[in-house]
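The data blocks that follow each hold one structure.
Each of the next two complexes has chain A plus one more chain, namely chain B in the first and chain C in the second.
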Partner chain A sequence: MSERKDWPLWEVFLRSKQGLDHKHCGSLHAPDGQLALQLARDVYTRRQEGVSIWVVRADQIIASDPAEKAAFFDPMQDKIYRHPTFYELPDEVNHL
Partner chain B sequence: MSVSDPPPAQASAVCATHVPTLLRYADGSLVLSQRLAACCGHGPALEEDIALANIALDLLGQARLLFAHAGALEDQGRDEDALAFWRVESEFHNPVLCELPNGDFAQTCLRAFFYVAWQAELWAGLTHSVDRTLAAVAQKSAKETRYHCEHLAAWVVRLGDGTPESQRRQQRALDYLYPYANELFCDDDTDRAAAAAQLGPLPSTLEAAWRARIARVIGEATLALPAPVPFYSTGRQGRHSECFSYVLAEMQALARAHPGATW
Partner chain C sequence: MYTQSLDIPSPAEGVPDPTALPLDELARSAAFNERAGSGEIVEAKDWMPPAYRKTLIRQISQHAHSEIVGMLPEGNWVTRAPSLKRKTILLAKIQDEGGHGLYLYAAAETLGVSRDELQAALHSGKAKYSSIFNYPTLTWADIGVVGWLVDGAAIINQVPLCRCSYGPYARAMVRICREESFHQRQGFDSLLAMMQGTPAQRAMVQDAVNRWWWPVLMMFGPHDKDSQNSELSTKWGIKRISNDDLRQQFVDAAMAQSEVLGVSFPDPHLQWNAARGHYDFGPIDWAEFWNVVNGHGPCNRERLQARVAAWEEGEWVRAAASAYAAKHPAPARAAA
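Take a look at the complex of A and B:
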């Protein structure tokens, strides 16, 4: 009997409409990429949620460390000058 | 244009073979759907459990459309529920392939693959049917079937070209199921009448494409195609295997215990 191994974990990204971004919608287990894509279709698009799917092996994602959150993100808290809120905008500019 | 109004000259010929032909297609979808639905909650993984249930639901949807159409043409007051739940064994016309036990996952996948691969050829042939409702059902179903084929073939290839144990099981399933495919291509009088009326393709004309597709997938799965045997099951004529009555009993018990019940 061959060694039993769990299927690897895959993260699933869906694009709900043409022109929108792919958004993370969940994860699943699958033995390989092709089946991960098929199973993502079966698990996450049963109600027409998507027009495009990406699957990525979870262990291929380099993620930031939650324990380092303070060092990583807090320094930006007091730098409001990085937000473009100090400019007078002409009326014609509606969407910046 | 309604298919219930064929040209008068053909009317009697079309009617005699029309409903039986629709029931053959519908029963295959229904019985395979019932078999696959029994896997719900028993899949090898949660994800695959959902995948098989999705396929079962697609097949049930095909059966419902075909039953509703057959019931309307027949005009005897039988709706889709009456056709599914109130006929007895000999009145079902699915090929025996659809009613065989699920067996292990290798057998479950290969049996379903055999049938949906046949459906792929059938739907293509039915797009030219003079029955425009049937052609529309075929066109809708063809998209579903294309995915079913892809998903099930993916498993057959992985199990065949997998571990020694998975290969042994997939080969065993192939040896067991292959003779039951013969029935799918065996023309009888109903088929010939349906083909003559341009309702649907003659089963024997679907054989070459089916065998080519199966040979391709079996080759990719590194399995050995069994030698052909002159065995012909007869489910399409209403003579079924011994396991079929159990399938029907389970499927029909609720409807028969509570006639006319609604959710």
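Take a look at the complex of A and C:
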């Protein structure tokens, strides 16, 4: 039986409507970007789910390591003063 | 469409043995079980016990194969749909099934198997898919019944999977369930139209219901006491509701719907049990179920042949796409 010789994997990002961010919605295999885009349209926007599509080769994405999650994100954990709720203000101005 | 006791092991491999690990892995595994069981979501690159990974690959790929093979019984009717309206609806539904297969293959691939491996397993007959697609669609009424009952059963099976512990699988299921509702409704709508037609049309619907009822009940898989993978899957948060509970939920819902439609189910034991608050139903022929699962249903061979032929006849398209890509290196196009 013939093999497809592993077309690269593409990650698909969709802007659901004008004014919103692109959001990851899935992935697919395609030999090139153009075809990836067309396949993404056929697979992920059959019911008008999107007005714009990005496709990115999965092997081009640099990702943080899940095993390093604790150490990697740790520096942010004790900086509660970065949140507005850290500051207790008098009632008169507490809507700030 | 989909599923059945989605996770049927092949006889050789049996039930995964979670204790077959080195000691430190065992502790890690125990911690993992606790987290997955308590509702934490596992993502693709997170550590997971090998048995969890293996179970998921098997279940998700069987599920994906079911979607793809599920296109075949319906594809038979595209050229024979009774009107342009029904034909476009059927085409849209079949296209959805192809999409569902793709979402699921993509989810399985996040676990480290390749698409080619998965497809080769299907085409060689090694991989399992839902037993339901090995029954023939003899009349147009069968297409309506597939939507109403087969997709109805699939929805009941699939809704709990939207909350399963493996993120990529759960997200694929959310998308699938959203689309599946159209499948069931169009099926019921089609049958409703036939039931308002001639006596011959009504008889055709009843005949289709009679043939599909028992195979549909088998879609939920073996009874809980005979379901060897259920316990682990439940512990891992992959399976949320037992086969028997899902089947009961389906029977109760289908009874109410059958009254609106004006059809009956071929089971003399079907009756309301006030004490249980559910419908009782007769014994399921499990010999038939295993016979079909093991390759001896009415259409097993035909389905597999059709699937392999579709793949081989599409080879020139894939070859052309690959050749075109090789000739035209990626154009630099900025994202908008």
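Methods note: the second predicted complex is superposed on the first by the 81 of 96 C-alpha atoms of A that agree within 3 Å, B and C clash if a C-alpha of one lies under 4 Å from a C-alpha of the other, contacts with A are read in each partner's own complex, and residues count from 1 in each chain.
As a working rule, a residue touches a chain if its C-beta (ideal position, glycine included) is under 8 Å from a C-beta of that chain, and two chains touch if they have at least 3 such contacts.
Bear in mind that the values here come from a model prediction, so they are computed numbers and not experimental data.
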Next item on the list: Based on the superposed arrangement, let me know which partner A:Gln38 touches: chain B (first), chain C (second), both, or neither?
Entry: first
Notebook entry, point to check: What is the contact status of A:Gly26 with respect to chain B (first) and chain C (second): first, second, both, or neither?
Noted result: second
Next item on the list: Using the touch definition from the top, say if A:Ser16 reaches chain B (first), chain C (second), both or neither.
Entry: neither
Check: Taking the superposition as given, does A:Trp7 touch the first partner, chain B, the second, chain C, both, or neither?
Finding: both
Item checked: Which partner, chain B or chain C, touches more chain A residues -> C
Next item on the list: Classify the contacts of A:Ala67 with the two partner chains as first (chain B alone), second (chain C alone), both, or neither.
Entry: second
Note to self: One more residue to check, A:Arg46. First (chain B), second (chain C), both or neither?
What the structure shows: both
Notebook entry, point to check: For chain A, which residues belong to both interfaces, chain B and chain C?
Noted result: 1-2, 7, 28-32, 34-35, 42-43, 46
Checklist line | Of all residues in chain C, those that touch chain A in their complex | finding: 43, 45-47, 92, 95-96, 99, 102-103, 106, 109, 114-116, 120, 123, 172, 175, 179, 308, 311-312, 315, 318, 321-322, 324-325, 328, 330-331, 333, 335-336
Notebook entry, point to check: chain A touches which residues of chain B in the complex?
Noted result: 45-48, 50-51, 54, 147, 150-151, 154, 158, 163-165
Margin query: Taking the touch rule as given, give the residues of chain A at its contact with chain C in the complex, in rising order.
Written below: 1-7, 9, 25-35, 42-43, 46-47, 52, 54, 63, 65-67
Checklist line | Contacting residues of chain A [partner chain B, same complex] | finding: 1-2, 7, 28-32, 34-35, 38-39, 41-43, 46
